[in-house]
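For reference, the structures are reproduced in the following blocks.
Shared chain: subunit A. Partners: subunit B in the first complex, subunit C in the second.
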Partner chain A sequence: MTQTFEHLARGFRALLIALALGFAASGAHAHGLNVFAFVENGEVVVEARFSSGRVPTEGTVRIYDDADILVATMALSEDGALRFPLTGAARESGLRIEVDAGSGHRDYWLLTPADIAAGLDASG
Partner chain B sequence: MVATVNYPLAYFAERLAGTEQVSVLFPVPADRDPAFWRPTIADISEIQSADLIALNGAGFADWVARASLPRARLVDTSELFAETLIETESITHSHGADGEHSHTGTASFTWLDFEQAATQARSLATAMERRIPAVAVGLHARLADLEADLMALDAEAEDIGTALSGVTLVATHPRYQYFARAYGLEIVSLDWDAGAMPEDAQWQALSDLMSGTGAEVLIWEAAPPEEAMVRAADLGLAQAVFPPLANRPAEGDFLTAMRASLDALGVLALELATD
Partner chain C sequence: MSQHPRPSRLAAATLALALSTGAAGAHYGMIIPTTPMLGQKDGRSVGLTLSFSHPFELDGMVLEMPEAFSVTHEGETTDLTGDLVEATVMGQPGYTLDYPIARPGTYVFAMTPQPYWEPADDAFITHYTKTYVSAFGEDEGWDIELGLKTEIVPISKPFGLWAGNVFQGTVLFDGAPSPFAEVEVEFYNEEGTATVPSELMVTQTIKADEEGIFTYATPAAGWWGFAALTTAEEPMMFEGEEKDHELGAVIWVRFEEWG
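For the complex of A and B:
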């Protein structure tokens, strides 16, 4: 039963990612990079992809709090993703996560406290 | 609560709600352009809690693709005419293994074709009726009133289109693609900052555009400094201020502000005809 739920949760999450990245690509001012972030197993997962489908192999990830103050800067992994632990403060305030993959390819994702709570619920 | 991404949709939602039980959220500050506004996390949290989130579509407000919004509570009000949206020029550049490529855009000020605006109002009404039962009583009558007002704007704009047939207009910002298409106007666009005094190079670009197109009319997106209007008049341009109303007007509402803009264009057309 638990496995089935986890399987469904993974499938739902994959659908959300596909919808988010696909939807972002349709924006009038989308400039080639789409960013999506979610919470899984107590971590924030950031995924970036060019609108061509290619994965950026490097980039800078900037994390902002709810007052839009920069709280951390990290590097994107070669697979175009980044995982980092969710802090208590972030859980309360939410995060704005910006990825800069260079050449003007920059985008962000807004993760609200409700999104974080839903992610924590879904991953148990 | 109905959350909206621009003022036209907020105005339509206010007209359609018909009850104080239903609030309309349009969170963009008055001095910001809703097309490029970036919400805070608190803004998104409030929007996520809305019963209905009214999107303009056509790529308007790119933040909607940068947050989790509940799909069952979204309505894309331009979906019914998505096939006829206007593509804008593309940005071409290259980087890394992607090589040279383009990012095309979509003209997003859809409501400036007032028939399209009426379609958006109908889509919004349908979604409100489905998601918010409290609005159902009298909704169809309120929608009919709103549609009648929008179609009156459409008729006035048709007359202006006829009166300005063969006249090239210059707009200070590329906002009027649907207005031009709907009413048969030839509008070429600059990319000036709203309400600011243009720099010398921008005036030169305007002069060059006039030479190349024979333009006789300048449409200001927002009221400019008086000295800017004097300088444009010195170039021989007839002028009108026509705010596209993506954000709430300082005075009046969508209907009165849009009527004022159309009236100004009508007066200008008469002046050109008598010159």
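For the complex of A and C:
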């Protein structure tokens, strides 16, 4: 049976609200940047790509906690990706990961607790 | 005040009767996903329902375990046949699958069914059936050719279409364009609310051009099935007699309500 987002994001209400606000405020889909993130070997892997298939060679990655408070800001690598360690708190609560590649190219991925658990399980 | 003749209770009843007998529509292999565009708020999997049906009349037929059911993503094809779950679809045996989506991109689901013996047509029917799901905002890979015996390769991106948009595709047979191929078009009357003024309009028929390209503009939102039909050169045997074998290249495309 298809899992609903609500199921995946149980206990993740603040980020759900942030997501809704983000859709309204950021124009996330208007500029063709797509952001995806997953957990692999204990790290969060962030991937950004334009709808053309090209990757942004620079950009700012902002990490928000489950209360949508900014907890870290990092630079996107030249290959349009970023890896950073998954901390204990985030394992339980999830993260919102926003990539700003400039000129209005901005999008985010909501890394839910279920996503994190699945990534940790897959990595052993 | 003059009275206009009312076309219709009798005519409507007659049409309803004709439709209820399943005589008007075409056969379609069907793969219908829960959504053609999976967003991150929709979860991390997509549900798929496989059937063999008359989609307008919601008249099901038996779908035996397909010879193959697969998904293709980023050039890699994975066999999912063993993951199918038996289900009842439109009152007949079919299959479902909840497929987990791990990464963004276009997922092309394809079914090769077992040949279906249709006494009414005195022929076997095999519909090579496809549908597409775009996941998490990425859409690359929607125009690939899978290499099926016969298939429709979309020219229009097969998701993210508005009702009223035209849909274009190329009919391929053995990997080559099929000039002037006949393409049947039918609406999946999922809610059972669509009506037709004539049974001739349950299934519409168009032809591809000399390069195998066809064009159709949908009048309403929902799932639309396009089936390019060919008779195989090799007949099949049934009770000691040679019978025609209809090969269909079927693609299911969803058109969204405007606004």
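One rule holds for everything that comes next: the second predicted complex is superposed on the first by the 94 of 124 C-alpha atoms of A that agree within 3 Å, B and C clash if a C-alpha of one lies under 4 Å from a C-alpha of the other, contacts with A are read in each partner's own complex, and residues count from 1 in each chain.
As a convention for this text, contacts are C-beta pairs under 8 Å (C-beta built on N, C-alpha and C of every residue); 3 or more make two chains touch, one makes a residue touch a chain.
All values reported here derive from a predicted model rather than from experimental measurement.
A.B. asks: Would you sort A:89 into first (subunit B), second (subunit C), both or neither based on which partner it touches?
C.D. replies: Once the two structures are laid over each other on A, A:89 reaches no partner at all.
A.B. asks: With the two complexes superposed on chain A, say which partner A:70 touches: subunit B (first), subunit C (second), both, or neither.
C.D. replies: Touch partners of A:70: none, neither subunit B nor subunit C.
A.B. asks: With both structures superposed, pick whichever of subunit B and subunit C touches the larger number of subunit A residues.
C.D. replies: B
A.B. asks: By the touch definition at the top of the document, which applies to A:102: first (subunit B), second (subunit C), both, or neither?
C.D. replies: A:102: touches subunit B, not subunit C.
A.B. asks: Looking at A:117 after the superposition, I want to know if it touches subunit B, subunit C, both of them or none. Which is it: first, second, both, neither?
C.D. replies: After superposition on chain A, A:117 lies in contact with neither partner.
A.B. asks: Between subunit B and subunit C, whom does A:51 touch in the aligned arrangement: first, second, both, or neither?
C.D. replies: A:51 sits against subunit B and subunit C alike.
A.B. asks: Would you please give the residues of subunit A that touch subunit B in one complex and also touch subunit C in the other complex?
C.D. replies: After superposing on chain A, subunit A residues 19, 29, 34, 51, 107, 109-110, 114-115 contact both subunit B and subunit C.
A.B. asks: Spell out the residues on subunit B that touch subunit A in their complex, using ranges where they run on.
C.D. replies: The contact residues of subunit B facing subunit A are 35-36, 38-42, 44-45, 48, 58-60, 62-68, 71, 88, 91, 93, 95-98, 101, 103, 105-106, 108.
A.B. asks: Of all residues in subunit A, which touch subunit B in the complex?
C.D. replies: 16, 19-20, 23-24, 26-32, 34-35, 50-52, 54, 66, 68, 93-96, 102-105, 107-115
A.B. asks: For a test of understanding, state which residues of subunit A touch subunit C in their complex under the given definition.
C.D. replies: Those residues of subunit A that touch subunit C are 1-5, 7-8, 19, 29, 34, 36, 38, 49, 51, 53, 107, 109-110, 114-115, 118.
A.B. asks: Which subunit C residues qualify as touching subunit A in the complex?
C.D. replies: Of all residues in subunit C, those touching subunit A are 34, 40-47, 98, 102-104, 136-140.
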